[in-house]
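Per-chain residue numbering starts at 1, and chain names A, B, C and D are given in the order in which the chains are listed.
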Amino acid sequence: MSDRMKKCTSICLPLSLEMEKQSMAETSHSFPSGLLPALGASSQQPIQKKLRRYIISPYNTRYRCWQNFLIPLVMYSAWISTFETGFLQEPIPPALSILDNILNAFFAIDIVLTFMVAYRDTRTYLLVDDPKRIALKYLSTWFIFDVSSTIPFQALVLLFTGNSGSGLMYNLLHILRLWRLRKVSALFARLEKDIRVNYFWLRCAKLICTTAFSIHIAGCFFYLLASRYKDPKNTWIGSSISPDFKETSLWERYVAAIYWSLTTLSSVGYGDIHPQNTQEMIFAIVYMMFNLGLTAYLIGNMTSLVVDDSTRTRKFRSMITEASSCASRNQLPDQLKNQIIDYLTLKFRTEGYQKQPLFDSLPSGLRLNILQYLFLPILEKTYLFQGVSCSFLLHLVSEVQAAYFPARHDIILQEEAPTDLYIVVSGAVELVFRRGGLEEKLVKEETGDMFGELGVLFNKPHEFRATTKMLSQLLILGRSALLEVLKSHVEDRQIVMANLSQIRL
Amino acid sequence: MSDRMKKCTSICLPLSLEMEKQSMAETSHSFPSGLLPALGASSQQPIQKKLRRYIISPYNTRYRCWQNFLIPLVMYSAWISTFETGFLQEPIPPALSILDNILNAFFAIDIVLTFMVAYRDTRTYLLVDDPKRIALKYLSTWFIFDVSSTIPFQALVLLFTGNSGSGLMYNLLHILRLWRLRKVSALFARLEKDIRVNYFWLRCAKLICTTAFSIHIAGCFFYLLASRYKDPKNTWIGSSISPDFKETSLWERYVAAIYWSLTTLSSVGYGDIHPQNTQEMIFAIVYMMFNLGLTAYLIGNMTSLVVDDSTRTRKFRSMITEASSCASRNQLPDQLKNQIIDYLTLKFRTEGYQKQPLFDSLPSGLRLNILQYLFLPILEKTYLFQGVSCSFLLHLVSEVQAAYFPARHDIILQEEAPTDLYIVVSGAVELVFRRGGLEEKLVKEETGDMFGELGVLFNKPHEFRATTKMLSQLLILGRSALLEVLKSHVEDRQIVMANLSQIRL
Amino acid sequence: MSDRMKKCTSICLPLSLEMEKQSMAETSHSFPSGLLPALGASSQQPIQKKLRRYIISPYNTRYRCWQNFLIPLVMYSAWISTFETGFLQEPIPPALSILDNILNAFFAIDIVLTFMVAYRDTRTYLLVDDPKRIALKYLSTWFIFDVSSTIPFQALVLLFTGNSGSGLMYNLLHILRLWRLRKVSALFARLEKDIRVNYFWLRCAKLICTTAFSIHIAGCFFYLLASRYKDPKNTWIGSSISPDFKETSLWERYVAAIYWSLTTLSSVGYGDIHPQNTQEMIFAIVYMMFNLGLTAYLIGNMTSLVVDDSTRTRKFRSMITEASSCASRNQLPDQLKNQIIDYLTLKFRTEGYQKQPLFDSLPSGLRLNILQYLFLPILEKTYLFQGVSCSFLLHLVSEVQAAYFPARHDIILQEEAPTDLYIVVSGAVELVFRRGGLEEKLVKEETGDMFGELGVLFNKPHEFRATTKMLSQLLILGRSALLEVLKSHVEDRQIVMANLSQIRL
Amino acid sequence: MSDRMKKCTSICLPLSLEMEKQSMAETSHSFPSGLLPALGASSQQPIQKKLRRYIISPYNTRYRCWQNFLIPLVMYSAWISTFETGFLQEPIPPALSILDNILNAFFAIDIVLTFMVAYRDTRTYLLVDDPKRIALKYLSTWFIFDVSSTIPFQALVLLFTGNSGSGLMYNLLHILRLWRLRKVSALFARLEKDIRVNYFWLRCAKLICTTAFSIHIAGCFFYLLASRYKDPKNTWIGSSISPDFKETSLWERYVAAIYWSLTTLSSVGYGDIHPQNTQEMIFAIVYMMFNLGLTAYLIGNMTSLVVDDSTRTRKFRSMITEASSCASRNQLPDQLKNQIIDYLTLKFRTEGYQKQPLFDSLPSGLRLNILQYLFLPILEKTYLFQGVSCSFLLHLVSEVQAAYFPARHDIILQEEAPTDLYIVVSGAVELVFRRGGLEEKLVKEETGDMFGELGVLFNKPHEFRATTKMLSQLLILGRSALLEVLKSHVEDRQIVMANLSQIRL
């Protein structure tokens, strides 16, 4: 008989293990994100269509690497361009200038590349690989910004006028470099959907970057105001550090500016450095207004993360509290109350109550696959289902549910109407038959031991009380489901009945 | 046969496209907001009743334009009246004064108009167009405030006393103009329900307006206190800027006041400007108390917006985390685990699990209309439903569900009980028949290809394993639903069976 | 026939209107809060048992009034006792002292009363009216605090020592009065459950009271530290106002203390007043630590209120956004998309989707009562249900659902399977019969007009398309529910069929 | 007959009370946390396996005590080591040094113990008791940190070099002691899942500890910076207290440092103490950045706690508001509206609507046990179920539902279709039979009184209206459930019918 069983398992179980490993690597990346067609109606379009020649998919691995390689360059370039604007009004040192232009070259390459990358249409959610439409879309949206953030102004000025300009306007042109930061923002948006990255720390990193950069920008700008003010004594840095502040080291001045900036943003406001003239006051007003928003945004994000984090624990706690208050309001005996709380705690630990909705949302083929992997070996061990057909077992297994029961927990009461049949997976269950004044005991503790089958199959009240002796894991098979399955497998029904009568004799 | 099909589609599909465009413009505005009668009981009242002559509906487009036109006037008038109160104790310049009175004229017109606008009864939710009741309601609620915020006090004083007064009380009368701000508040309330406006930015705009105006008011009032204090040296502005602060430019003084106000509100509190006498301290106490509330309100709003924003992403993440922890706790093989995660990710992308409840909430006529648009062309392509009646297809289409399956995903296991029949929309599915030691393969990849129909119609276990070869979209038709439909269409049943037998031969 | 109908309505409708008014006053207060017994098991206990003589129920109206009368006294006494501790180290003025003792008398009466008030057992939720148990419980919990907060120390000291003491310890005894504040806290807890009070403003009031009182206490204590410090110059007030600060008016000193306290709590921290010696620093440390918690609590509460407030609007918005993104992803024609959005908007306005769960949670008798009030008059107007029995209508009415449909909305498609029968309440519905190339139109616009009854009763596809011409309200009657009701009322079934055949002829 | 009843109860009720008490103590700790095996598949593993000799379970009570005993030592050691680093650059006093080494000894013991404690595998959730694997895991993770935080550096230095070093590096080694704090963090994580501890206060305690310790560390470090700066005048403490600050008492210096630290963290920032040189500014920048995060985290946590706290109250309020707005929109008479609100309020108080899902989540055996405890005595009292079998009652009891009804509430309307049968537990219900013009009244007020049974058993409309006279508690038995139970107990059915006919005669 075990021979047939094996065949059954081998048919049912998906694939041999060797094949699996191989196929898995492909499986896990089998569909690129964002390549889904519309439902039904647009079925004339192939799903994974090949892109045209020279057109790159935005989900191409190499293109993604290139994008990721640009991220540190973007961050450095945003930092340095703000710094130059604020602190280096004198001609920028040649070393910096050369580095700048190398970066610009990289970004120029990226602009050219963008003309070759397909994009996803926001209305149809389909990839567009028509070079004309790609070019049109890019030219009509971000092209102008990308180009103006890449032009090497200094070099151009030097070329045409012969001297490297140092006017305020010229400095402000550096600000255009900040446009590149949208690449960083896009990276964060992408990472948020990547489950391999911890969500909490990702959000924190994003907030820290935003905050740090705001502080840097405000600091540079605040210094710019002071350095260009007519009366150096009447500026924040002139009055707090020294009127000849331009003589002190760049490092000291930068720290002081950042220090002021952060003191304001964190709303500490010691007051040792504060705006001195109307110009500085106006800038401080704008900055503080912005800070109000930023702080609220920081706190809002943190709250959102914290609330999310503690939800599960709090749910469990409120469930237990409710259960015990309900028990004491109805004056249930302590034993019942303890059974309730034990059961709920166990359920929370095994997370069983969250698995059911997860299972329900899976398609039937996959669900069946899982159930058969988990429960088929157990069902094959029971005496009742010896010799039945593979199809019968497969049908039955989809109706099985697993549950943990704490020790000393009543599973069946004597005289209870038969609704379920139980199979022991592990642990031990004690059956107590009480007839007249006599008490008989029976222990079921082998994997595959079954109880309640007589009541269920002959529809009569259970003749015993069943209590767990220790933490036990049982499979539960509902009466109506079992009868339904038996009805549609007539041959197997006779085998089951034969098995049953053998035992009873 | 295709002839009949076309007829069927033409009957079923709603209207020809030309008609649609025309009707749409009307459709989208077919019911004004807030015109709903009570349920059942009050059916004696017509729904869209004509209003009386000379009575305007509050939902009248022209009236709405007028209201929107008043908004900037309201904002200017609120800003200038506070500013005048604080900074212009000397007679107000004639130019400003004339502008003021022009504005007043507009608001006077609005007061007259209000007597002609129907209002919605808060108890019955019905529009009231009885002029007497309108007048009564207006007179008993806001009329007195509207009038007193519109009276041109300055002109009146000038008329009766001959000199333009400049007393404190007189200045404070300007504050009454602030009453007009309730129009702005009403606008925001209306926009919040308008889905064309981005909710996040709308709320931000509202918060920024509130904050900016609070700062302005506090700044003006703080200056008012200083300018009327007996000892100019012992005021905030006298001690921080110069004792002869009244000589400095209006702009400088205004900036300083706003700067102090914002420094306090954002709780930065540098301390370079701070209250000097008891009067100023008391005002600062009141203002800081108010700020505590405002800051908490700002943060609360931002949190609410952020939490809302990130909910969907976090839900998906927690679902995946749970699934994979459940898989590893139960020691499922990696292949199954990957299938689960692939499936859930795909489902999240296609948002299918959110569409179902949306569909369920629609009325049956509309739902049927959508389903027929999406799935009828597919059903007509299948061999099984060739030649059936239009009514049969329409009945069937309401039972169809669409789903995406990732590549290498098991849809049907061999020997599985037949519960569903599948129709390929796109992608490819491989059927593997394993009998004895032999393996036969069959690929279904045309739109309209069907599998599982034999199992479903003859109620026997499926004889093959079905696995997707690539990302596929399938229609699913449940067995019980199909049988139900077949039962109520006897003729079509015979056609279906005939189609089936043709194929099998 | 209308004669019989009237009888039917008169039987069914609850009570005549005169009786209602009378009974209502009693109804709305028919059960005191907290008097609920346990479920089933403890049925031997009467529910509304009479309390013993001289024992007052805590829900007694007069006792509640007394409690509410004490609230302002409590607040005044808490304020004045802290103030005395901080600012009035010199002998307290006789006027204040007498007022104090009058208040003490009131609180002494309250202590005596408490011995006569029944309490609710926290385990069984039952009222305990045994004087011994009441006394025991009071004595073992709050009695000692209540008494020590009521003893007139000053009078006692004067009596025994002959001079009115002014030591620090003596002053600190006043702090015991703060114990009384738990009465205020209990009041707020009670009001929160009272639906007549606006929740938002109640919570705000509670937070404002808490904050204001914290500020007051901290201010008084900070002044106490300064006034008792050995070197007046080296205190916060000595260094910021004047070393001889004790000569300045009480009002100025109190304002300065409150000003410092609030500056610290709101974290503005101008720095014009700050701790000068180690003692003051330690107090500031404790106070700032407390403030951190209080501020977080304030913001947390505000967030909770704001989130709650905006939930409904945001739900609607996300529903609409989802619907329209789903429509455009599936490339539904604009007409269908508009119908979906129109329908959802209408549903949101009529709040229908929230009423259903509300109705479902009501007990069947009450639900039937409401449905009959709303829909019976409509059902009686339809030709199909002329002459049927009252019991039949009552049964039918519980199966009816009401819905609004926007204008130009498809309700029934031609050839659709019959699932529902519709009755017009208001608005107008156009039926279009298309047979061959001919089109017939029919308009249903009278209250009680019905369509779809032929399809439903004879189970054949609808022969027409039904479209609303304007905003319409319809009653919907499901086919299976209708057939079920007809089955159990054989006589009425014949009447219905007779009515039907009359029309068709 | 009562004889048989008793037998029934004695069989059904779980155990005699004496046995219970005894068994309970064991029950409540019958499964250690975290000892759960996987579902189905891994059934070959015994559930509660014995650990090997000399290996301790991490859930061992004595081991837990040892861990808890270490907590205060950890906290003291973290505090003192930071303090020593900051303030005691001179050789540490011998008393402190000895205490340090005693502590180190305890932690050394803990390190040794860890090699003997089983750990839970994070993949399989099983306890690992293999000494080699335990050692390997510990050595590869935390061993190195634990050891380096325990080495008595001072003693070692003294031993090898002969003089007790006091270099900066040497001081910084103390920081390693902070590693021990992870034990405190683990304790909090454990307590959060312990329902005996109040969640709100636990979270508060955790936040306070974190905050207090951050303040302490920052204070110590800030002082360290000042004490090592070359120019004492140009430090925060030198400029604000006195240039010879090293002469002042340790206490004063510590308070000043903590005062500055907290002023910064709470963002009060008076400005009396502030960074003076670049070094201090940089530290302040780092600290303020950290504070931003900490403050947001504090507020986020508090919000999460507050939101959770007020959810239940707000739910109730919104339910009531919705109900009454729905009632007035549909112009329901006041009586109906009052009945709705009364009912909802009562339901909220009895928490019945939360008990149902709780019950549903319990396993059938336990649920039956509770229901039988609550309702069996009532069922046995009814005339209809006199003499029926125990099994019948047990089956019936699982279908019973309990509900409270407010006074003057309609339970059954005359002519209503029979869906439920009611049994009075307490309170009083009035039945009014209105036939022709006559009115007959009947009051049911005894526990066990029943009404509606005729309608339910003979399937005819109820002949009376039933209204509660006072707050009543009723059991409800659905018609279909009752008929189902009667069908499967043929003998009992005859007894019930006999009982019924006896009464009717």
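Worth a mention:
Note that contacts are C-beta pairs under 8 Å (C-beta built on N, C-alpha and C of every residue); 3 or more make two chains touch, one makes a residue touch a chain.
In this text the structure is predicted, and so the values were computed from the model without any measurement.
For the pair chain A and chain D, the fraction of shared interface numbers is less than half, so the two copies use mostly different residues to meet. Chain A and chain C have CA centres that are 36 Å apart. The distance from the centre of chain C to the centre of chain D, with each centre set as the mean of the Cα atoms, comes to 25 Å. Multi-chain contact residues of chain B (touching two or more other chains): 39-41, 263, 267-271, 295, 299, 301, 303-304, 307, 329-330, 373-374.
In terms of inter-chain touching, the protein chains here all touch one another pairwise.
Every residue of chain B that touches chain D in the complex is listed here, in rising order: 38-42, 123-125, 267-271, 299, 303, 328-331.
By the touch criterion given at the top, residues 11-12, 14-15, 17, 20-21, 23-24, 26-28, 30-31, 33-37, 39-41, 43-48, 192-193, 195, 199, 263-264, 267-271, 274-275, 278, 281-282, 284-285, 288-289, 291-293, 295-297, 299-301, 303-304, 307-308, 351, 354-355, 358, 361-366, 368-370, 372-374, 390-391, 394-395, 398, 488 of chain B touch chain C in their complex.
Chain C meets chain B in the complex at residues 204, 208, 211-212, 251-252, 255-256, 258-259, 262-263, 265-272, 295, 298-299, 301-307, 310, 313-314, 316-323, 325-326, 329-330, 332-336, 338-340, 342-344, 346-347, 349-350, 353, 373-375, 377-378, 402-417, 419-420, 425-427, 434, 447, 459, 461, 466, 470-473, 475.
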